[in-house]
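The first chain written gets the first letter, and so on, giving A, B, C and D; residue counts start at 1 in each chain.
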Amino acid sequence: MGLPPSMQVEESEEGRILTISVGPQHPGSGHFRLVVKVDGDIIVGADPDPGYVHRGEEKMCEYRNYIQNIPHLERPMIADSCGILYPFCLGVEDIANIPVPERAKYIRVILAELNRCIFELYWLGIYGIFLGHSTMFMWPMGDRELLIDLAEAATGARVTHAYFVPGGVRNDLPENFKERAIRQLDYFKHRLDQYKDIFYNNPLFLDRTKGVGVLSAQDAINLGVTGPVLRASGVKHDIRKIEPYDVYDQLDFEAYSMNSGDSYARAYIPLLEMYESINIIKQCLEKMPSGSVRTKLGPNPRGAAGESFKRVEAGRGELAYYLVSDGTPKPYRVKLSVPSFRQIPAMPHLLKGAKLADMPAIYWSLNYWPVEADR
Amino acid sequence: MATVQEFSFAEFVKSILWLTFWILVIFTLIILPIIFIVLFYVPAPEIAGIEMNPYLLLTMLVNPEIGAPLINLTLDQPLFRVMVFPGFTFAALFATAIIFVERKFLAKMQVRVGPYYAGREVFWWARSLEGLLQMLADLLKLLGKEVILPSGADKPIFWAAPVVLVIASSALIAVIPAGPGWVIADIDVGLLVVFAILGFFPLTALLASWASNSKYPFIGGLRALHQMIAYEIPLILSVLGVVILSGQLNLSKIVAAQEPYWYILLLPIGAFVFFITALAELERVPFDLPEAESEIVAGWLTEYSGMSYGLIQLASYIKLYALAGLFVTLFLGGWMGPLPLAFLGPNAPSGVDMFGVELLTTQEAVGILWFVVKTFGISVLMLLPRGINPRIRIDILLRTGWAKLIALSFINIFIALALLYLGVAGPAGPVGVISP
Amino acid sequence: MSSHGGQPEEGSQAKAEAKPETQKPVEIPPLEKGIIEKITERFGDKIKFVYAKPKRIRFNVKTEDVMDFAKFLHDEVGFDQPISVAGVDYPKENIIEVVYHIGCCTKPEYTSSVFAFALRLPRDNPKTPTLIPVYRGVEYHEREAFEMLGVIFEGHPRLEKLLLPEDWADIPPLRKDFNIKGR
Amino acid sequence: MSGASGMFKAIESGTKHLIIRRFTLRYPEQKLKFVGDGYQFDPKMGVGIAGYKGRHILYHDKCTGCQLCAIACEGIAEAIGMVKIDKTWKHNKKSIMPQIDYGKCVFCGLCVDACPFYALFMTDDYELAAYTKEHLIYTPDQLSIKPKYQGNVEIKIDDQGATHG
């Protein structure tokens, strides 16, 4: 009695290799395929295969003017829709020389940080369920509602806000937003403390993640990974700090980094960042001046011929837009350099030699978002 | 515009009412006359001195005492014990209750609602019963689903595995006493039977995974095999302390041997090891890695669907009941309560009556109640880790099983031996506490 | 216009003002100036300086120099983090540009800067050596540029489909002569 | 020993939540309260007014049939088409008004930004489910009806945790 017929086991020098396709229909993959080769319980090769949700965002951009590009550009990353739109607005403002009112800058920062939290909670929830921790799935998903409610009060939509526009934001914050925000953020901070107890300090979680998938700083830089993944490897590289956009240079906050470079560090940094986001939002609410929030523009803003490369720190890391304009109302070329796509090379690098059971712990700690990577 | 079939609840209710109406009409007009014609010619049989005529039930409604001999007869039947009370029906109902409690309990812990509408629609006057009928709804859903046979599957094994699992886990119940005298098979090698049956599960899991002809089930089956075998040894070793102290393998006698104090007070390490290994045997979080969905979809259950999946789930929850019952039997004094029976006072009824028949004596009734309460408590404790723990990795699991738990269970055995030789407890009864 | 290769030369849009040329000498901040001097010292005329805005520098590089240039940039100047590889199609000039954006993680004074260098390749036969030996992380970016614009990276280990469907049989979609239906 | 204390803390944290209020919004019985009266736009200021972006509302007495909303939607969702209306308005020479296909609309609200006559706003109504795609196409007459949305639930926060009441 041999192996069942569907299991092709190839004999090779390393031993007997079983190929497992993780995705595209797999509870642990998303819209994405990871071809994993295992020898026993050890992964000997992993080949990421993105592209299942490619929508041609970059080509679509060339057919629409700058304003019309807003709604579809946030679709690749609806969990962080402000983060993915932010550099686009910065880039258009750069190309078309649009001034931004001071209040709009603060509102943008508030919304970007809210969205960072919303994204990181979503991410954390899925990390929890990937490690088999169902409570850690439900809690962040529930607490996300607090922040989504805030974002909805400001923008009018729960996830796809279409809120940032070149020249500011669409509308001012509603009345009593400040009190509401502070109340809910205080509660949210209290909830984050609970996460530490049940998840981050749980000895089984530490067993699962400490020392798993260690990425050295040199490798992290060379592979081009970004965001929390890079910072977990000890490289203090946060765009908000090194190249402050909008009002980040007037705010007092910390960009955290850890030195261990393992899955635990990659999972812990988002938690610290959420604390920091609460801090930033509160500062912004205090410092925010009054005034206009949007520069009045014609329906078709057009920029001079030229190019612009703007980057922001989104929830998953450095998100950059390379905009080339030829002077027409439509962009000549838009290139999204998304963090998820930049994490891909780290995946085979880290998975090789890991255990099969560590696959979800490593894969999801890389902050990889299939829809965003495919664009 | 295209015509659309719109679902209307009123139409649905109407159709059901019409269906019921026609069934009643056909029943009264055709089936009832046939029954009466048959009864006219065929004499009714007689059981326990009662004529089994079709009006018996109606008569019993008015005068219940008529049925008393019949009830007595039923209670004496071994089949009743196998099928109903300590046996399958009770276990299945208990398992269903555990599933419901697990879902509500977990939902509470996760700050959400859990099953809500099923049951609430029916018991609209009692909001606390929300979700009570969810188990029934799930059962109906699973019954209505197609059981998909994967191509290339080994048909006989694939079909047989869920049934075998249910049978095996139900067989565990046979030796567990649910009350004084209330045990299906009161055999002297009860504990050995438990371990013999437990040894059956990894094999079935492996066969089921093999028969599915798929990669994920195969890996899951291998993990299940590794895990169950690694944890069987500490499981058996942890119970050895109890056997040493009681000098018995018969579970009823083990319970009786815990008369002054329960073994969990004497052997806490053994109880701890047993609890952990029972969790691993049950594949419950944090030891659910044979079903780790983020790595291997659903482990060895991946290819099962419909009611065959439902049977596997039923088997696993019956097994949970059985292992919780075993824990109660071995360490928590089984049916014995923390208070003596005299606590009930002198005016306590001598038994539980129904239609004038004494179903249970007071001692039995209190014993069963304590057993159920304790088993339920232990079951809830077994559900608790699901809310607070992530899944652990196979190598950590095996290292814990082979190194730490076996060491702990050996320590437990030494403690038991020490207790025996010091004369604190033992088969002859504790010295100095109750001297004969 | 020809001096800044990043700009498309469209006849109708020639009115676009040639800002960088006129303001170049005054506008370059000292930090960027240092980088530019370092590079021009080493490469001289082989590479073409395009523009330097605050924190953004761009050079045009020839295919045969790109390997040396990348090595120099990585090892001596200190730009070590690949950010993106963008391809831009200019059918009127019959050129495809491949723009590498490189950031810096290790040298604190450069971390805020993004260095861009572009390869201007002929549109009918775009070929360039891969930069994987220098920047390990550009592997997937180059694969994307390959399938989206048809640029062939010589020496790339796996030049295959990445995002597009396996049965894609049209021209590379980000070329300007590929048109979306109905638009 | 840190492992044991960590596990103990986790158990404590988990059991603590057994008594905390449930957070879930029981949707059909409870509906969320939104800020404002739906997203609106002030073309004079060039700034919107915060509100929920739900179904549109069209003011027939203001719409001039200028098609700016349809043009704005062209590259986004192509949900807005201009249709003839029976009634004649003095300010609407062509007698055309927008008709919105909610099977396509992405609720970005950029059509509201495009309207210079205060004629097209958005409302709180998000319950647009229908049995057919045809039912999702809202004619100008349907769009002019003000929806009845009654949401009154807000997040309440106290010592027992956050809840939707």
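In this section, a contact is a pair of C-beta atoms (placed from the backbone, for glycine too) under 8 Å apart; a residue touches a chain by one contact, two chains touch by 3 or more.
Just so it is clear, the structure is predicted and the values come from calculations on it, not from any experiment.
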Geometric centre distance via CA averages, chain C-chain A, whole Å: 25
Between chain C and chain B, distance of the C-alpha-averaged centres to the nearest whole Å: 68
Whole-Å gap between the CA centroids of chain C and chain D: 43
For chain B, residues contacting two or more additional chains: 109-112, 387-389
Where chain A touches two or more other chains at once, by residue number: 63, 135, 142, 198-199, 202, 204
Junction residues of chain C, two or more chains touched: none
Touch-based graph of the chains, sorted into line, ring, star, complete or other: other
Contact pairs between chains, per stated definition: A-B, A-C, A-D, B-D
Chain A residues within the chain C interface of the complex: 50-51, 54, 56, 58-60, 63, 221-226, 230, 235, 237, 242-243, 304-307, 309, 311, 318, 320, 322, 324, 326-328, 332-333, 335, 337, 341-342, 344-345, 374-375
Chain C to chain A touching residues, read off their complex: 6-8, 10, 13, 15-17, 19, 55-56, 80-84, 86, 88-89, 99, 101, 103, 105-106, 111-112, 114, 116, 135-141, 144, 148, 161-165, 173-174, 178, 180, 183
Touch list for chain D against partner chain B, complex: 10-11, 13-15, 17-18, 20-24, 26, 131-132, 134, 161
Chain D to chain A touching residues, read off their complex: 2-4, 6-7, 9-10, 12-14, 17, 23-25, 32, 34-36, 38-39, 41, 45-53, 68, 72, 74-77, 106-110, 113-114, 122, 155, 157, 162
Complex interface listing, chain B residues touching chain A: 106, 109-112, 152, 210, 213-216, 218-219, 285-286, 288-289, 292-297, 386-396
